[in-house]
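Here the structure comes first, spelled out in structure tokens, and everything after it is commentary.
So that you can tell them apart, the chains are marked A, B, C, D, E and F in the order they are listed, and the count of residues begins at 1 in each.
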Amino acid sequence: MQLLKELTLESLEASQYEHLTLEVSQHVATVTLSRPDKANALNMQLWAEIGQVFEAIDQVADIRVVILAGEGKHFCGGIDLAEFSAIFTAKRDCEGRFRERLRRQILAMQDSFTAIERCRVPVIAAVHGAVIGGAIDMITCCDMRYASCDAKFSIREIDIGMTADVGTLQRLPKIIPDGIMRELAYTGREFGAEEARTMGLVNSIAKDKPALDMLVGELATEIASKAPLAIRGTKEMILFSRDHSVEEGLNYIATWNSAMILSDDIQQAMKSRMTKQTPEFKN
Amino acid sequence: MQLLKELTLESLEASQYEHLTLEVSQHVATVTLSRPDKANALNMQLWAEIGQVFEAIDQVADIRVVILAGEGKHFCGGIDLAEFSAIFTAKRDCEGRFRERLRRQILAMQDSFTAIERCRVPVIAAVHGAVIGGAIDMITCCDMRYASCDAKFSIREIDIGMTADVGTLQRLPKIIPDGIMRELAYTGREFGAEEARTMGLVNSIAKDKPALDMLVGELATEIASKAPLAIRGTKEMILFSRDHSVEEGLNYIATWNSAMILSDDIQQAMKSRMTKQTPEFKN
Amino acid sequence: MQLLKELTLESLEASQYEHLTLEVSQHVATVTLSRPDKANALNMQLWAEIGQVFEAIDQVADIRVVILAGEGKHFCGGIDLAEFSAIFTAKRDCEGRFRERLRRQILAMQDSFTAIERCRVPVIAAVHGAVIGGAIDMITCCDMRYASCDAKFSIREIDIGMTADVGTLQRLPKIIPDGIMRELAYTGREFGAEEARTMGLVNSIAKDKPALDMLVGELATEIASKAPLAIRGTKEMILFSRDHSVEEGLNYIATWNSAMILSDDIQQAMKSRMTKQTPEFKN
Amino acid sequence: MQLLKELTLESLEASQYEHLTLEVSQHVATVTLSRPDKANALNMQLWAEIGQVFEAIDQVADIRVVILAGEGKHFCGGIDLAEFSAIFTAKRDCEGRFRERLRRQILAMQDSFTAIERCRVPVIAAVHGAVIGGAIDMITCCDMRYASCDAKFSIREIDIGMTADVGTLQRLPKIIPDGIMRELAYTGREFGAEEARTMGLVNSIAKDKPALDMLVGELATEIASKAPLAIRGTKEMILFSRDHSVEEGLNYIATWNSAMILSDDIQQAMKSRMTKQTPEFKN
Amino acid sequence: MQLLKELTLESLEASQYEHLTLEVSQHVATVTLSRPDKANALNMQLWAEIGQVFEAIDQVADIRVVILAGEGKHFCGGIDLAEFSAIFTAKRDCEGRFRERLRRQILAMQDSFTAIERCRVPVIAAVHGAVIGGAIDMITCCDMRYASCDAKFSIREIDIGMTADVGTLQRLPKIIPDGIMRELAYTGREFGAEEARTMGLVNSIAKDKPALDMLVGELATEIASKAPLAIRGTKEMILFSRDHSVEEGLNYIATWNSAMILSDDIQQAMKSRMTKQTPEFKN
Amino acid sequence: MQLLKELTLESLEASQYEHLTLEVSQHVATVTLSRPDKANALNMQLWAEIGQVFEAIDQVADIRVVILAGEGKHFCGGIDLAEFSAIFTAKRDCEGRFRERLRRQILAMQDSFTAIERCRVPVIAAVHGAVIGGAIDMITCCDMRYASCDAKFSIREIDIGMTADVGTLQRLPKIIPDGIMRELAYTGREFGAEEARTMGLVNSIAKDKPALDMLVGELATEIASKAPLAIRGTKEMILFSRDHSVEEGLNYIATWNSAMILSDDIQQAMKSRMTKQTPEFKN
């Protein structure tokens, strides 16, 4: 069965990135955006690395949950405008071909972020400081979001004169109330952690970055202690439900569980309940 | 027109169930889970009876609204684990056939709960005490949920090492915010009535079980006093909207109302407005 | 390119309506329901004019945002029952043909409201006093809703014995939580501005009608100052997302932006950021 | 696991029907419409029995393929008009309720036919003589259709002034070319076996009824000799593909086969290839 | 009920078009493209008029079927290239706005053709001579197509270097086999009437234009003699089925017929069967 | 714009494959399955290479069309059973994990074939000799199929006791008539080139392999001479249409062409028409 992409934990840990770091500890991977002097602004290199690291993590059975965080004062200030504006000076041999290439480029950028969503284990965003523009697109691909009090959010794309095109307008309406979504997208206004919590964008708030790291770390540890196969199935089902009818979702999980339900985990979990001991699961 | 399944109120009231009770009064049916010594845990018998009772109610024009409640200290503690674990010891003649049978079994279990959703009149869940695992799957099929202060909820499936497969992962994401949904599904953590209200899982809270019964009883009486045909049409439309685009929904209601709108109810309702009297509707 | 419907600002401003007024100022159009002696009740004339005015606005590139408000003590008391009840006395030559005509009539009524949604710029509803029945259908077509403290809402259709058929049951479930939605639709109970805000129906509340006008006016001015093409693209994407999967939405915006992204606006916006001046955009 | 509906072959064979017969031989069930003096016209009794017999067959693992045929000179002359016209004289207490009941009645009639499609094993229609109106709706639920030379087909509904409502307009466009479909539906014109074959409605033609019975019998025997689990999976996948995108279909079969593929059948089939013997499969 | 657009036969007949003619006789409308010196090439005026005439016909209950034909030696040679190439010289103030306008222009052109499909009665295309490019887009909106022997077809867009954008690539794959569709679209090769019939693009062939007119005239007369309401319902259902699942289609027709089935037509049709007389239907 | 995967023709031609060959000439790439001693049976290596080569071709703008053929006496005899049966002896640590891995493996195998469909230029299958099992799955991903007289086809999966899971059951029903599709899938019977042509699986037939190569070569040359951007757009639209409604397809192409239509190709093509010279297009 060679077609299947699978990676060992060792080779994952050995991989090198320029603008992000990856640490793994006790089944929890922590991906940290690491371009702190630029507020972790998304240049093309970082953009590509995000896709690569999540695609790699997806292939390592040892990882059970991922934390996505940012180094320095801000989570992420959005797209690197210097690079972005290069599309205006790009040579255009033929208008049509230039546009075709532009479309493929946008699809490739989306795809890097979508790797977060496709990653089979839960991804927790831990955000602080600036969470702007492309950073919003990025965290809507995560399963859950937690913030420190100082976090400042903004769907900033409108202020550089563009229609957001890497996920915010597609995913955020499925996360927060429709009316609020539109106000934020049309005005680009900044909002804080408390408002983000009220609207459901973040689940809860910590008083500062260290407290946030602790909160998210504990949550990750908790999730990592659960039966891995059931966690992966749960993520698949929630994603499927978002884009399908209830009836289609029911049929899908019935078919899925006819294959997956009889795992060692379930026996392990049952036994633990009786012996009142913490279950130990395989990856 | 014999193909149509229709039932009289009398035959409905005459039906017997082992683990639930059914009472009808003034167009309001109350279905009560009744296995109090087991916290109303869902064994296969109870599971089957839930499907049967709601399928029967659907066929009785006299019923205008249903209350679903639980007897004893808890609404429902979830699946009966003793029965559930039997699938591990089931004889497996052929792996493929065993899995096919498992899939059909899950579909059958889902179908019992879906009977609540398919029932043409509104179903109100009144929950107290433990509302765990399969109980969550069950109440997401109801139209609305109300709780007493002591209610404790948990998507518990993850703790027995399984991916929930009878509706929670399909219906709950369409009821509560996506980020919260995932946190609850991944951690299985318990949450109380107040948090359930904040996230939109329950509409409001009563101070205790008797107060809850009163609250829900009044609501049921209120709904039962409305034009029955319009109530049934409203449920159909809300369900249809959940799984279709707005454009499809608009076309559907236009076609629907071209048939249903000219009822006696509407004339009755109009007349009542003028005479300031309470309208009396046919079933 | 004559097929394209386009209108000048002048011809728009010259158009006359019987039951509504249209004012344009600084790229902001204000449509005011104007039948104050009848609480702006929706008779067929007003209903038709709503469709006409939004279809016209859609064709005027100069307009960047629309405010929808009501004159007098109430935003809108719903359908004009006198006209509505005429369908009961309508001559019915053939039952089938009468029903076909009824269906086409409902579709036409829906279509007038849908013109608000189809209008390519954001539409802000500013509501006060009574917001009843058909008025709810109407404001769910708007992008965002704001209210004064005195606003009173009700999905009243159930009380005239009918299943709402001009949009509430299709659009409201995509705006507010499902459980609340059903309670309101089944009971028709009145709710105030604060509750409307909590459930996400309105974004924020002003203390009275003048404060509401100011709040909404400032918001409109803000949106009108943004890059128009990006605003129009944002509305298109949010609407598309509501009725499609995330994957379909991502592909759509990639294709869209391969055409639209290289606008003068984006260059204008970038330049403004550097010069710290307010950008001036073309229509 | 009592929820699952399963039936023994014995109890199936013991069931009695008024207007159809059921024979089982070597895993092949033959359902024969048996109201020959009325050209097997569909009265409500027969209509209901079709649903019942296919629902029962679906629950008997022993049956691997079904033949649907007609006794006497014709396969089926369509709906029994005497019964059908009763809906015109039905008492109508309230227009709205009457229409609601009518809708539920049509859904029930459709459901009887859909039982053929839902039956997990292939159903082969063997048609001769008249195949008119409701008979077309019925055979479009079958997997494949075969005819004798004398077969005469007609989508007759238009000639009794009605829009066909039990399946033809939904399923036939997915079987024959669109342009031909519309011509036949608008004109109700009769067409013969050869034209039916050319358009893809029937797969092949036999010279007379006995030859047809032989042709279809051999085909049934052939299918019954294949691995039953794989045949059932194949039917499920083809049905799913009809109503879903290719991408959804691929994901579904991958999930399905992760459960079903490792059956005894596949080992049996592999072994047979090597030993050049006919494989013997479990039900 | 003023919102509903309805037109009298008289006002329809009084309308004037520059490049097409409209004749009505015995419930049959014949729309003839009439720019014979240009092979009925589609300039913007003709394009707009096609939309107008079919939108008008849709509103006249007297019309029961439409024939679409071409005057002179050819049915239609496709888009008028002189006008089309104007888009290259169009002034482009802002790239983004120019593209937005282009998109709206294409949508408007599509919409004119879609009026044929939306027209509630069947539309029969009678084609002869050249049927090229845009003409193919146009006839795929018709219900059925008939040709004379001399007809020559070509999906010509590829030869002017463009991706066809007014319907061929969306509708033709739902009419002819997929493999053939792609060959024709990629090569733009010409094909004759006989091949068109074999692939299902046209239903049958007449030896020359007069024979075609007779064939199509008789078919139109036949359809016009059927129950009009049932014909209109049939078209609606076939269109709905094309874009929905079988299950959705079944639910739709059940709801539809609960409104429409009890027409005078059905009683008329039944009576005619007994008296063996030709039924006379209301419009 | 580094995220975009693009490849030069040189690096494509330099790539090496074990079981297939790749030749490029005049914008036409020919991929030849090359394991002739095994009838080009699909082992995992070949399977993987098919995905790789089509993914690579997709990134080379120079390639305008692809031919997929087989070396030796047969196009492809299907899956390599020796490798396939290894899944039965695979070590299974945990039943659930084994099934999860199996599912991912099937998805990976599907994905290799889907690379043919995702490749942005047309892919022409030229088949001869045996075209069995997995080979059918593979050619249904191609745009068009052509065969020599000696070709023998069979959906063979049923004969190894499995439900086909790499594309046939998802794509073939969208290519050939539904009734025939099912017969072939249930019986696994062999059929020849002529029958394949009649049912629409292949577009036309050549008398032998050399004639087939000539036929397909000429077709490829013809397509390669067309405007490349328009060809790529056409493929995208046909694929989109297969899985979406007509209305969605129309909106998509309008958006697409607002970006792509103004290419050099269209100007080149127009000029060529006037000068009657063969146009020369950029890649």
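Following the convention adopted for this analysis, contacts are C-beta pairs under 8 Å (C-beta built on N, C-alpha and C of every residue); 3 or more make two chains touch, one makes a residue touch a chain.
Chain by chain, the UniProt names read as follows: A, B, C, D, E, F = Crotonase/enoyl-CoA hydratase family protein.
This structure is a prediction, so every number in the text was calculated from the model and none was measured.
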{"item": "Those chains which touch subunit E and also touch subunit A", "value": "B, C, D, F"}
{"item": "Repeat of the A-D interface, chosen from B-C, B-E or E-F (over half of contact pairs identical by residue number)", "value": "B-E"}
{"item": "Distance from subunit F to subunit C - Cα centre to Cα centre, in angstrom", "value": "47"}
{"item": "Subunit A and subunit C: spacing of chain centres that average the CA atoms, whole Å", "value": "34"}
{"item": "Residues of subunit E touching at least two other chains", "value": "87, 99-100, 102-103, 174, 229, 242, 255-256, 258-263, 265-266"}
{"item": "Every chain pair meeting the contact rule", "value": "A-B, A-C, A-D, A-F, B-C, B-D, B-E, C-E, C-F, D-E, D-F, E-F"}
{"item": "Touch list for subunit E against partner subunit D, complex", "value": "122, 143-145, 174-176, 200-203, 219, 222-223, 226-227, 229-231, 233-238, 241-242, 245-247, 249-251, 253-263, 265-270, 273, 279, 281"}
{"item": "Subunit B-touching residues of subunit D, taken from the complex the two chains share", "value": "1-5, 44-45, 47-48, 51, 86-87, 90, 93-97, 99-105, 108-109, 112, 229, 232, 259-266, 282"}
{"item": "Complex contact set, residues of subunit F against subunit C", "value": "252, 255-256, 258-260"}
{"item": "Subunit E-touching residues of subunit D, taken from the complex the two chains share", "value": "81, 85, 87-88, 99-100, 102-103, 106-107, 110, 114, 117, 157-165, 167, 169-171, 173-174, 177-183, 185-188, 242-244"}
